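Quick one: the structure is below, questions incoming.
Residue numbering begins at 1 within each chain, and the chains themselves are lettered A, B, C and D in the order written.
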Amino acid sequence: MAKGLLKNTVHWIPIKRNKVDVTELKPRKVPATFLLSLRATLIIGQAFSLIPVIGVFKKNSDISTTCITMIMFLQVARKWPDLARYTFKIEDLDPNYDTNLTYKCNGTCAVVLTLALLEHILSLLSAFAGAMVCYPDSSLYEGFVRHFYPWVFNYLPYSPVLGFVTQFLHFQSTFIWNFSDLFVICMSYYLTSRLEHVNMKLLAAQGKYLPEVFWRTTREEYGRAAQLVRKVDDVISGIVFISFANNLFFICLQLFNTLEHGIKDTSECNSRAEGSKTILGGYEAAIYFLFSLIYLIARSVAVSLIASQVNSASNTPAPVLYDVPSPVYCVEVQRFLDQVNGDKVALSGLQFFSVTRGLLLTVAGTIVTYELVMFQFNSTQDSATNTTQAPS
Amino acid sequence: MAKGLLKNTVHWIPIKRNKVDVTELKPRKVPATFLLSLRATLIIGQAFSLIPVIGVFKKNSDISTTCITMIMFLQVARKWPDLARYTFKIEDLDPNYDTNLTYKCNGTCAVVLTLALLEHILSLLSAFAGAMVCYPDSSLYEGFVRHFYPWVFNYLPYSPVLGFVTQFLHFQSTFIWNFSDLFVICMSYYLTSRLEHVNMKLLAAQGKYLPEVFWRTTREEYGRAAQLVRKVDDVISGIVFISFANNLFFICLQLFNTLEHGIKDTSECNSRAEGSKTILGGYEAAIYFLFSLIYLIARSVAVSLIASQVNSASNTPAPVLYDVPSPVYCVEVQRFLDQVNGDKVALSGLQFFSVTRGLLLTVAGTIVTYELVMFQFNSTQDSATNTTQAPS
Amino acid sequence: MAKGLLKNTVHWIPIKRNKVDVTELKPRKVPATFLLSLRATLIIGQAFSLIPVIGVFKKNSDISTTCITMIMFLQVARKWPDLARYTFKIEDLDPNYDTNLTYKCNGTCAVVLTLALLEHILSLLSAFAGAMVCYPDSSLYEGFVRHFYPWVFNYLPYSPVLGFVTQFLHFQSTFIWNFSDLFVICMSYYLTSRLEHVNMKLLAAQGKYLPEVFWRTTREEYGRAAQLVRKVDDVISGIVFISFANNLFFICLQLFNTLEHGIKDTSECNSRAEGSKTILGGYEAAIYFLFSLIYLIARSVAVSLIASQVNSASNTPAPVLYDVPSPVYCVEVQRFLDQVNGDKVALSGLQFFSVTRGLLLTVAGTIVTYELVMFQFNSTQDSATNTTQAPS
Amino acid sequence: MAKGLLKNTVHWIPIKRNKVDVTELKPRKVPATFLLSLRATLIIGQAFSLIPVIGVFKKNSDISTTCITMIMFLQVARKWPDLARYTFKIEDLDPNYDTNLTYKCNGTCAVVLTLALLEHILSLLSAFAGAMVCYPDSSLYEGFVRHFYPWVFNYLPYSPVLGFVTQFLHFQSTFIWNFSDLFVICMSYYLTSRLEHVNMKLLAAQGKYLPEVFWRTTREEYGRAAQLVRKVDDVISGIVFISFANNLFFICLQLFNTLEHGIKDTSECNSRAEGSKTILGGYEAAIYFLFSLIYLIARSVAVSLIASQVNSASNTPAPVLYDVPSPVYCVEVQRFLDQVNGDKVALSGLQFFSVTRGLLLTVAGTIVTYELVMFQFNSTQDSATNTTQAPS
């Protein structure tokens, strides 16, 4: 393995690269590198024992020494070194000076994690309030875990240790879920910024009389960016799939619960809770459900839109290439156009679906249909329940 | 016909056109400019404080001085000057002599707004008739606003001022809704006319032995038209999205209400209304519902079909280009064909969907499905209601 | 109009065509012309006052003298002369010796019309049997028309004349419905045969070293066939649309009725019919329903499959063109391939949908979904009816 | 790696290959031929009287003498000799040394047939257990066949011979069903391996400066593989269609039954079975249903994924072709790219649908929708049943 790695390493070192120190020549403008942009994201993942990537803190990113250990993102971890190496090579050829990239990644991290924390706190609050009503005889913590994790404590006897473990796993899974969305967003930012770099060059050249060499270098840069999207997709398409499937399922479920909740109160404990005096006056559950639903939908829409920007950015060159003036039209422009029109550059969910803007509409339609059917199913059940109870 | 061909032929010959003042040579034929065609539409918008575009009345359209202030169409307003400037540039290069365009825009305005007014009057009439029955003790106006806007006056105390404000907002929102459809229709007319101008030249040239310069100029004109569609879409795709979403939602809702209405009478007031003597003999609500539904469906279908003509018109050149005789086939024809086949020229709804003829079928299928499910849901609810009441 | 027609006629006369009498040179092999193939179809239409095309019986088909008068197929009739003229031109350039074509058209006519007649007779039989049970006091004919056309005689008083008129209109509409399917089938046969003629030439040339002129003439022939499909589609796409919409609607309806019928008997008359002695022992309605449903589905599937063969046949050239040996590869092959891959050659339903093999699957899925929902809706209704009746 | 490259390089050099007997030069490495790979599959089919292909055991596969007699796979059998001959020709041109292929085919055979046998045994066990409860008075075998095949013995009187025949036909149909999936899998393995052979050569050549002759020979090999996929699809698309339709239908049915079963027990016999002492303690039916469902879903997903790999493998060349360096770009590369982008290489179900990765998602969505609707329909029925029974 080490030998293979070494051989691979040799392959991608561009000869004569080390003769000139690039960073000394352009000391004032630091390129927005792959690892730099994702640094905050990865550190957060590392902090929660998800992605302890050694080398994240080093700007020179000597990745052959990179060591990755993961539990959850195992598939990503296995392919990560190759991807990082490939990215490093691409960045060496086409340095990217999009200074916003790092800010965008970090800002998104901050917003997503803050909201996730807020949601988690609200869920705890809601559970404590519920526990105070439903388990008035137990200790507060026992009542809380019994109320919150009935699928555990209906089968296992209560003990504080089991409570803590359950709670930790719950927290961990909430975090992983949010982190996978965050990860997809940051990767999409990075890929979009690479494609936008090509687009900027092209839009500046629209209608100009530029030599063949310009079109060749731009085409090659576009080709490298497209190849990078493909390599990244190979690595993260599993996470994209899980992220979309999770979001679709939980939106369906929570939307259904929330709509049901508005019509009639199904929880037996809550009906007894009328008149109770809790922190938010008995509205903990309602506030939590509403906040959770809005946050979930907003995050899902954001992931979809940001991930689909990779695809949108890849279609920008076509109009510029149609407008190339006839005298400078050459085989390079034709090849560029063939690639832009023939190649579908997009993140995908295990290659089952491509993440494009149209996907969001399809998913929304699916959710509406399922909601209607589920809602109706529920009302049929109620009808059955009502009618059997009615004569008694 | 021969004369028409000659005239068309003159069009595409790129003899340094700007040396001679074109408008002086052809003083009797005013080109159908962008602003001229949309003038009536924009004036109407302006009259309702929607799109006060200074410069609409000036034929020379010195747009750098254009000042746009809008409330509702804010997004459009922000990008409007750029679009107008770009359109002005395009029109300078390819003057468009489609004299029908202005008539079509104005005629459509007249028809849509007349029908919208008629619908609004019918809705008021229906509400007054309902108010006379349901609120026999209140004054006519109070009964009317209470009956018509229950979602306002169930929560706020009645006052004539609030009534007028509510009614004005209702009128305004009805108008905006109709206006957004109208706006999409007129923009589509304009874009289609530009593409049809190219198509006319091409169809006249089908199978003829024309020099490369003809194909180059025609390709460039097509390219400019396609680019114009893209720019317009950037500006109005939000309005297209809202227009389609609105129409889809209200067709589903009104169709559901109308179908329900035919089976059983759900309004408690109306059941008491039997034997009452109103202007239309108690059929105000029924007439209004039917007229409103038919108008809504007709308008939605019209918007879809007219907007999809942009896409249809962009596909016309392909067959002509396949038929170019072998001796005059050149790289220009190939580039033209590559663009026609590779480029999707169409208006879109925030780029979530393209407005093509196929879209109408998809939307119709969606409506039928939702109607079936909603209708069934309702019948389930009734079944539950009936059964619980039956034994009593 | 006459002048325009004359001018158009002049256009398509290929110069030097009339110098040599083509039919004298190839006297023994009569080309399968457009009108010859469709002769039987059109005569039948004519016989039922649908498409009285003068000139159908003349083999030389001097169409400028063609006079078309139609009631139902008005849109087709209006565009028919242009289409026939264009077809004549194409057939003059590429004579088609597919002798099966005429047999296939005539055979399909015979089969479809025989089955349609059989279905009509069964429907009458079923109605008479029903009438004998439900209207024992009326005369047989009065009972029959009252039973069969309740939507007429519930509103209008019975008179034998009205009965005959209603029955004639019913027969006429049944015929038109069958005829429109038949018409689409025969047109598809004709278009497919033209494309297959090109395909035969190409498949014989697969992998051979043929000169550029072969590829050019074959490409031009393919282009003419594709253009012909487009022209025919312009004329008959309305009929295709109506035919598919009709079939979809009636399959949904009859399938629903038949499935319902198997579960419980909904007609009140039939329930009284037990023990009655009719020709088929009371099973007239069941046999009619079953036969009608099977015939309807079979005919719909046949129309879909045969019409989609036009599209399938247009895709056959591609593999041959990929296999052209490198030494003889030329710009003609490339243009041919560009057309085959870029051009969607297919019949369409008013250009809302293309008739391809995939369409059949989509329609089948739609039918299954609608059946499930409608069936469920009905059972909900029954549930409501049962429950309200149960306590009494 | 270098050695592998060298060997691969040798492959595509078209030195007049037929002068030297290739098999004598490489006697130790037997090419993975079509028949060799499918040998185990076909022998198994033969053993069950399905595909007695004479010549399967002969490695030299002198197919002109091949004689095929089949009962079930009749359509395949008719076209099989042509396909085998074509495959033999292709294999002669492009020998395939993928030694894994035979192992994969045989391994899959072993796994599928073992699981199918296990499922069959479980179904018998479950039926015997049910028979012991439901038919305590009959002999065990009579009870078993009466319980298991009620649709036979409710209409025909019981006799042991009829029981054996029914059981044999049941076994046979189970086998055929499994075999058709197995057949599709093995054919897909073979086709994928041919395309992967081209892909390996291309990936090794990515970014290298190779002469036009390399691109030509590789393009021709890809073209032959694509043509082979088309020929195989012509032969087996009926089996693919039946396999997918079967799997879709039975997943819907069994999923519905299993979900229903978990909620309430619908079989009258089973309700009496409480407290009974059978081999698996009364859980035979539950275990059988669960195992059967999981096996069915797993097999269906496997067929879909493996068959869609043919399509995935056909898209791999595109990125390599985009990366061909400008100096060596030639018309061969362009033709190759045109084919890869224009040609849809995939297995299909009677050409109604192409087997791609996206198909699996569509099918999954269809199943979820149908399950929801069917589940709801059932609950409506229960509601109706409950309510009518409730007052009594």
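Quick note on the criterion: contacts are C-beta pairs under 8 Å (C-beta built on N, C-alpha and C of every residue); 3 or more make two chains touch, one makes a residue touch a chain.
In this text the structure is predicted, and so the values were computed from the model without any measurement.
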item: Homomeric contact chain A-chain D: same or different residue positions, threshold half; value: different
item: Most distant chain from chain C, judged by the mean position of its C-alpha atoms; value: A
item: Distance between the centres, which are taken as Cα means, of chain D and chain C, whole angstrom; value: 37
item: Numbers and ranges of chain B residues touching at least 2 other chains; value: 369, 373, 376, 380, 383, 387, 390-391
item: Contact set on chain C toward chain D in their complex; value: 312, 318-319, 322-323, 326, 329, 334, 337, 341, 357-358, 360-361, 365, 368-369, 372-373, 375-376, 379-380, 382-383, 386-387, 390-391
item: Complex interface listing, chain A residues touching chain D; value: 7, 216, 223, 226-227, 230, 331-332, 335, 338-339, 342-343, 350-353, 366, 369-370, 373-374, 376-377, 380-381, 383-384, 387-388, 390-391
